[in-house]
Each structure stands twice: as structure tokens, then as C-alpha cells.
Amino acid sequence: MTKTNPGRFFEDYTVGQTIRHAVPRTVAEGERALYHALYPARHALYSSDDFAISCGLDGSPLDDLLAFHTVFGKTVPDVSLNAVANLGYAQGRWLRPVWPGDTLRAESQVIGLRQNSNGQSGVVWVRTQGLNQSDEVVLDYVRWVMVRKRDADAPAPEPIVPDLASVVDPADLIVPEGLSFTDYDFDLAGESHRWGDYAVSEVIDHVDAVTIEEAEHMLATRLWQNTAKVHFDATHRPDGRRLIYGGHVISLARALSFNGLANAQMIVALNGGAHANPCFAGDTVRAWSEVLDRAPTSAPGIGAIRLRLVAMRDGGTAGTLRSADGKYSPEVLLDLDYWALMPV
Amino acid sequence: MTKTNPGRFFEDYTVGQTIRHAVPRTVAEGERALYHALYPARHALYSSDDFAISCGLDGSPLDDLLAFHTVFGKTVPDVSLNAVANLGYAQGRWLRPVWPGDTLRAESQVIGLRQNSNGQSGVVWVRTQGLNQSDEVVLDYVRWVMVRKRDADAPAPEPIVPDLASVVDPADLIVPEGLSFTDYDFDLAGESHRWGDYAVSEVIDHVDAVTIEEAEHMLATRLWQNTAKVHFDATHRPDGRRLIYGGHVISLARALSFNGLANAQMIVALNGGAHANPCFAGDTVRAWSEVLDRAPTSAPGIGAIRLRLVAMRDGGTAGTLRSADGKYSPEVLLDLDYWALMPV
Amino acid sequence: MTKTNPGRFFEDYTVGQTIRHAVPRTVAEGERALYHALYPARHALYSSDDFAISCGLDGSPLDDLLAFHTVFGKTVPDVSLNAVANLGYAQGRWLRPVWPGDTLRAESQVIGLRQNSNGQSGVVWVRTQGLNQSDEVVLDYVRWVMVRKRDADAPAPEPIVPDLASVVDPADLIVPEGLSFTDYDFDLAGESHRWGDYAVSEVIDHVDAVTIEEAEHMLATRLWQNTAKVHFDATHRPDGRRLIYGGHVISLARALSFNGLANAQMIVALNGGAHANPCFAGDTVRAWSEVLDRAPTSAPGIGAIRLRLVAMRDGGTAGTLRSADGKYSPEVLLDLDYWALMPV
């Protein structure tokens, strides 16, 4: 019998099932440095221990997306090895910062199943939690994927589709203990724009662009211990191209968004997201954001801002999103909806 | 007179000679993170401090191959700058873990010399030790290389060929102090297969594959401070190709072997190894293993497994090794023979 | 109104103006490891904590050029976003080591302005200081760049051209507190040549070469949070090439200079420097040095050596510098003039 992991197929999931994912990972100063080498990341809270201390933290946490990718990577062998498509995210919340030296692991619960009408595949909804070495939840999100069936004749499960919020209620956003923006240094942060300076429906062109190389996205994706073959094996697809991990595009776009959103310091919720089109090495990636909403918080000097972050390959311009038929424009790579914390 | 290092030629070696290699190197969290970015490494003992602590260690040691490459790199300017070929390894043992913050240096003793019949070159056998900042030996191995003569008319030394064991006796394997697999968490480790589940002569196809980029192998080889020109200088060979450091292929194959050998946690001995064919950027590397032997240890819950690890470029399949004429098949890049520790 | 940074134009500068640059950055073990992966760096003082301790320091500092690039990167959004050319450096001094865990920030003062006769641009001189978390200056240098005017009709400022020394007086070199080369281990450092073994006007061919990849220079330049578009965006120039950050060539050449100058351990002053020609991925870079001067220091066992470090792309040989017309030869990438500390 084979000793290697064939991955789970649609009929291997049952609603209520809990999966403890391998392999726990200690993340530290090295991962922080690599994050800065892989993405043009400059948000001051994640760049400088001193800046973070001046904001009431004990030091600079690891990037929120570094935590996301690490947790996500652990789920791949159990959730998406036989996935046909990554369909969506919802109800994502960062519940506490990840500090250098923390060890992260992940658990997922199957919360929904619906076989496709073609009988060949189905949709699996999982709620994933990232936990640290003290078993505290650092991240919690729902993701759904389309997964192949092993046996097309296997009976369809009773369809259960979870009721998911389209946006995290701002009252449910968690501000890390101690965080305060009352003594915020706008010079050191890089921009003078406050929470109150952003208007709902305002669009920001982040101007800068990065052309992606194969070595870069593979270094990143390995760092998150994401093992999906399509990212690494040029012989896997007939066209010899390696598909770039969608999370690489998320981090790249978020880092590019510094230019115009330097003070959107901390990501606290992921309302939704779509990897609109595949990204390949050689693509030159740009980004734009739209302000979707604003909400106060009870934390000192801190407001929440809801942002749409769109990544595009060359050819797109700020505002490019959908074609007349309602489908994503071919240049659009990512359409992400998140809440961030800003100084008021 | 030139101030640069011309490297040693065959007639510069004498049996019994000891060489203290430059440059000592402190290895820490950064090297750990880079190891995970460069290779799809997932063995839990090296990924998670908590997992390592649950196995009786003080924290997660640095990868055994990271220690090997660092020590090996130090020997290159003194041993293989004028080498024509890297002929073999024997009697390699890891004697104690390398921890983040340790400083490694290397010393080699010349233990054998034999001039080739053509008078142009000869074989040099060295026994190399890697030492930490407390002068404790962390690694000990024999390597032999073919080295050019500076002057073909220089007299041949008396041939001395060391008597090398073809395999490290399992009784000589060192289990790190405190290591115990009695509370081993198979879920977190990623696979359920125990030492007793592997049968001698069993072959495991590790399934996954990675296509190598120039930037990746150069980042790795520089990190080990290996200065051999062929790895970095595209003008060095007439065909403009950079030869990939053989150790890069070792680490890549070992990391790929997680899929099927996730519980072969710790490498404790290197019985032998051959870099069967050169590897170049663009090669898609796969791996397979064969169980060569099993031996109990006196440590709690720990068995030793002897494995053949074979790396192949595209075209090879699990089991591909030698052609009918006994030579390595052209797809085979690496044939490595090692002992690892597994939970019983 | 746009929220993104348009950069400063020539008429935005006034002599005496002070700019506090964003974003502070904590540099640690991860940056150290990446430096060793990106460049073939082997100087023992920066490779081994133990070696550094034997030289009287508390541990191994971060590479002097890592400090330089980090500080330089912070100035880019304020000084060189609209720069046409990076014209020169002068009076650079490293005033204290940067240790893992230090947080660096940068401030610049405008010390000179001169509009060009074409009225389209002008030269801006800035004196930049890098400071650590205790507000101690770690690095101090002058740099001048040619910057475009926003409005060609804006009035020219009164020209003020600072009086800059062509070389840092050896009496002004700062030797870090405690540094001593009296117990220097030449074996571990990699070469036996002392300060007294180098003669003024001696030329050293550093022999080794590295072919640069796109992924490598982008990883490095991002790590220094240098945001200049030309380094990352293949669509920015009509020829589709990404210009390599000049500092990447400085670090590469300095690392290559180990072979022949292994004991030129610490860079203490930057007398001047020119990026003679642009460097692109695919270039194979070599280096040579010329001894320009020597000076004693009052520190134990330590001499200062003034070196010209020249980087060339393929086609150049040791000594290649200028053509008959006095212009840099097309192969020359870098002409750097610095002071380093060596064991006497």
C-alpha cells in the first residue's frame, strides 16, 4: 500500500469532521526578514520594534498575512490537494498577534458539503483556526473549495450550505490588547493621511508595480509549507507554467498598497476574496484599493477601515474590475475585501 | 605575488596533514527560515520548537543537512577548489544537534592519497569534522575527491588508501541526549507510518517534484559559503551553464521524501553517496527511496532505518537507478545511503 | 487629491531643510542570514560570533553594508524618487556597529543646491545620518543626486555647493569600542596577509565571478525597503530591463574581494563612489582592488587601509577602469573608494 498522501476526495469529508493539520511551525526573525525580501512590505508596525512599542505593543508582531499563509499552508494537504478551484473566503478574523518565536498549528472543521450536479465533484466548506503554542486562536476563517470525487458513483451527501456573513461586523473586530494610536508618528509611518481622510468609495491607485520571478513565488510558497504541486512542478501542466499561489498575490498587493495606505497598519478581518485569474511568473503586478466602509472602534485613537484590494497584471488601471458581462476582467488577479486598523 | 587563494593541488597534500578551515559561521533563526524557503522541508522535529520539546529536546535543532552543508562549504577552498570530481562519502555521523546560535567551524585530516596512473591527478581522502563553539564535534565524515596536480612531473606519493566501512554500524549511531519518541504525535508529524511499517527492500515513490531555478541554488550555495566557481559563474563552462551544488540536490530530495517518510525525522549517519549526474537549473527533480535495513536503538521509542534516497530529473520513475551496463541512468542525479531515526 | 507619494522635485528642497525618513526598521538574525545568501560574504568578523568575541566585540555585528543599504533605502522616497542620476558619495563614516535587534531610522539634511543650466533639473546634496533605537548615529554620509524640476519655470535657488573632502582623514576614522586584532586568528579568517603586506598602488584581482539573476537583486533591494520603480518593474523602461540597485553591486563586489582581502574586515569610511555603468540581470560580475593608502590607528593591532574597489561585468580584467578619453570603460560598473580596518 502506498505510504504517500493521496489527499482527501469529496466523499472523504463529512460535516462536523475535525482535521488536525500537520506540521506545526515555529516562526521567528528569519521569517520576518524573508517576508521583507519577498514583498515590498513597509507598514511600520511590522517593520520596527520601536514603532510597535510606541503603539503599545511589546514589539513588532509578524505580518498578519505571514500568519495567514502559515496557517493556510498547513491545510493544503488535507483540504486542497485534490481541489479543482479555491472558491472563496469568509468570516476571517485575526484574534491575536503572532510574535517571533510562536509555534503555529491549524485545525479545520468541515461545516458544509454540496455535490455538484455533474456528480464528478463537490464543494467543501471548512472553518480553519490557527493556534499558537498556548492553544490560543490567532486566526479563524472559512474557506470553500471544489474537490474532485474519487468515485463518481459514490452517493451524494445531504447538501449543507453554511450561512456565511458577507462582511465581518465591525463590532466583532478584535483590536490587540494594548494597541493605541494616540502617539502615532505619521512621519515615521510614511504618510499623513488619517482614518478620517478616507471617504467611502474613494479609489486609490497604488502606482508601483513588481514583475514576478519563478524563484520568488516558490521561495515564498515553500516558506509557508504549502505543498500544492502546481506551484513548483513545471511539468505538471501541459503548458509548462507554474501557477503562482494566490496568497503570494495577496501579500504582494497588500505591500504595494503601502503607497496611499501606509497607515492601514493592521489587518483584522477578511470579509471575502476571489482569485479572479491565475498569475504566472513574468506578470507585472499593480494594485488599487477602494474604501468600502469605515467604523469607529473603542480602542484609543484607532478606527477601522474596510477596503477592497485589487491586484492586476499589466494592462489594468486603477478601477479595473469587471467586464460588461459581470465577469472579472482578464487583467484582474485578486479581489480582496478586508478590515484594517488606522489612526483616527 | 598573488594574494588570492589558488587552492591546493594533489602534491600539496600529505597523509596525516590537518587543515583548519576558514571561516567560522554562526547559524541561527535566519538560516532556519531560509532552509524552509529553499527546500520543501516539513519534518516536524525541525519545523516546530514545541514538537521538538515534546520529543525531549530543548527546542528545534537546525536541519541535519544545514549542518552538513555549512561544514562542507568550509572545506571547499582547501579541498575541492582544484577538484576534478567529488568521488564519494563514507562513515558520516551526526554526533550532536546544531542549535540556533551555534558557531560552526571545520577541520580536515588527510587520511589517504593515490596518484592516478595518468600522472595528471590523484585521489585525496579527507576526514572532516564540524565543531561547535565549545569544540564539540557535531559531524564527522570521510570524503574523497580527484584533484589535479600542479606539476605533472612531481613525484607520486606512496599510495595510502584508507579502509572505509560501506555502512555505519547501527551500534555506532548516536541518538541525541534526551530524544524520545514515546509521546510522538503522528497527526502533527503528518503521517501514521511507524518504523515497524517499513519493510526492507520496500520502494517509496515520493510523488512530488520541484523545477529548480538558478537564483534558488545560488542563494543556497552562498548560504553555505561554498565558493566553487562552477556554481555561480555562467562564463566558467563553455556551455554557459552553472553546475548545481550536489548538496542542493541532497536537501531537495530529502525534503521531497517527507511524502512517504515524514517520520524519518533525524538523519544520524551518511553511509555513502554519489552525485550520479550533474544537475542544472530547469531540471524538474523527483525522488524515491528504498528501505535498505532496519535496526533497533536503545533510545525510548526510537528505531533506526537505513534508506537509499535517489533523486532524478524528469524522465525517471520510482526505482530508476542503473542501466543494463551497471552505470547510473542518465536521469539519476543522486544516490544517497543514510540512517535516520523513526518512532517505533 | 492623490494619497500616494509623488516624490520631491528640485524646487521642493531648501538648504538647511531636515527630512525625517520613514519607515524605521528592526534588523536581526534574519537579515544577517539573507545577506549571506544574497552575497558570497565571508569576512569572519561578520560570519562568526566567536570570531567577533575573540576580537573584543560582544558578538558579530551586522555587515557594514547591510547598515548602509538599510539607511540608504529609507532616503529613496524622499530624495531619489524623481532623481535622474545618483552622482556621488562623500565623507561617509560608520560610527558604531549595528547589532542584531537594532532598529534603524534615517534623517537627511539638505546641504547644497544648484540648478542645472538647462533649467529642467538641479543637483541636490544631502547629508544623511542613520540612527539606532537609542538615537545614536551609526552611519553618516553625503550623497548628491540630479533631480527633475516639477515646473521648469520655477525660479532657481541661490547655488550653494558644499565643500566636500575627497577622502576621509584617517585621524577621523572611528574604531568600534573594544575592537582589537592582537589575538587575530589568520587561519580562521582565511588568509595570512597583514596590513603591512599590502603596498600602495598594489592591484589585486579577486578572481571569482557571479552571474546575477533578477530574483536575487529584487530580494536584496526589497530587503533594504528601497522602493525605486526601476529595480522591480519590467514595464518601466522601454527595453523591458530592470536596473539593478547600485548597492547590490557594491555588496557583491565587496564580498568577492574576500579573495585577496579576507582581512580587510571592517569598512569604516566611504570616501567616494561612482556607479559607472548600469548593471542588469545576466551580467557576470568580477572585481579588483587597488591599495590607495595605508594609515596606522591607535587601536590595538589595527591598521587602516584605503582601497579602490572596482566591479566589472564580463570583458573587464583586473585594472580595467577608464578609456583613453578619461571616461569609465563600458565594462566598469562601480568605482568605490573606502577605508577598511586590518590586522597589522
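The letters A, B and C name the chains in turn, as written, and every chain counts its residues from 1.
The rule is short, and it goes like this: a residue touches a chain if its C-beta (ideal position, glycine included) is under 8 Å from a C-beta of that chain, and two chains touch if they have at least 3 such contacts.
These are the chains along with the protein names UniProt gives them: A, B, C = MaoC family dehydratase.
The model shown is predicted, which means the values in this text are computed figures rather than measured ones.
Common neighbours of subunit B (MaoC family dehydratase) and subunit C (MaoC family dehydratase) under the contact definition above: A. Superposition of subunit A (MaoC family dehydratase) on subunit C (MaoC family dehydratase) using C-alpha atoms only gives a rotation of 120 degrees, nearest 5. One inter-chain figure worth recording: subunit A (MaoC family dehydratase) and subunit B (MaoC family dehydratase) are separated by 36 Å, centre to centre, where each centre is the mean of the chain's CA atoms. Contact of a single residue of subunit A (MaoC family dehydratase) with at least two other chains is seen at positions 28-31, 33-34, 213-215, 219.
The touching residues of subunit B (MaoC family dehydratase), when paired with subunit C (MaoC family dehydratase) in their complex, are 2-5, 20, 22-26, 28-31, 33-34, 77, 100-101, 103, 105, 133, 213-215, 218-220, 222-223, 225, 227, 229, 232-236, 242.
Interface residues of subunit A (MaoC family dehydratase), counted against subunit C (MaoC family dehydratase) in their complex, comprise 28-34, 36-44, 47-51, 60, 187-191, 193, 197, 204-211, 213-216, 219, 259-262, 284, 314.
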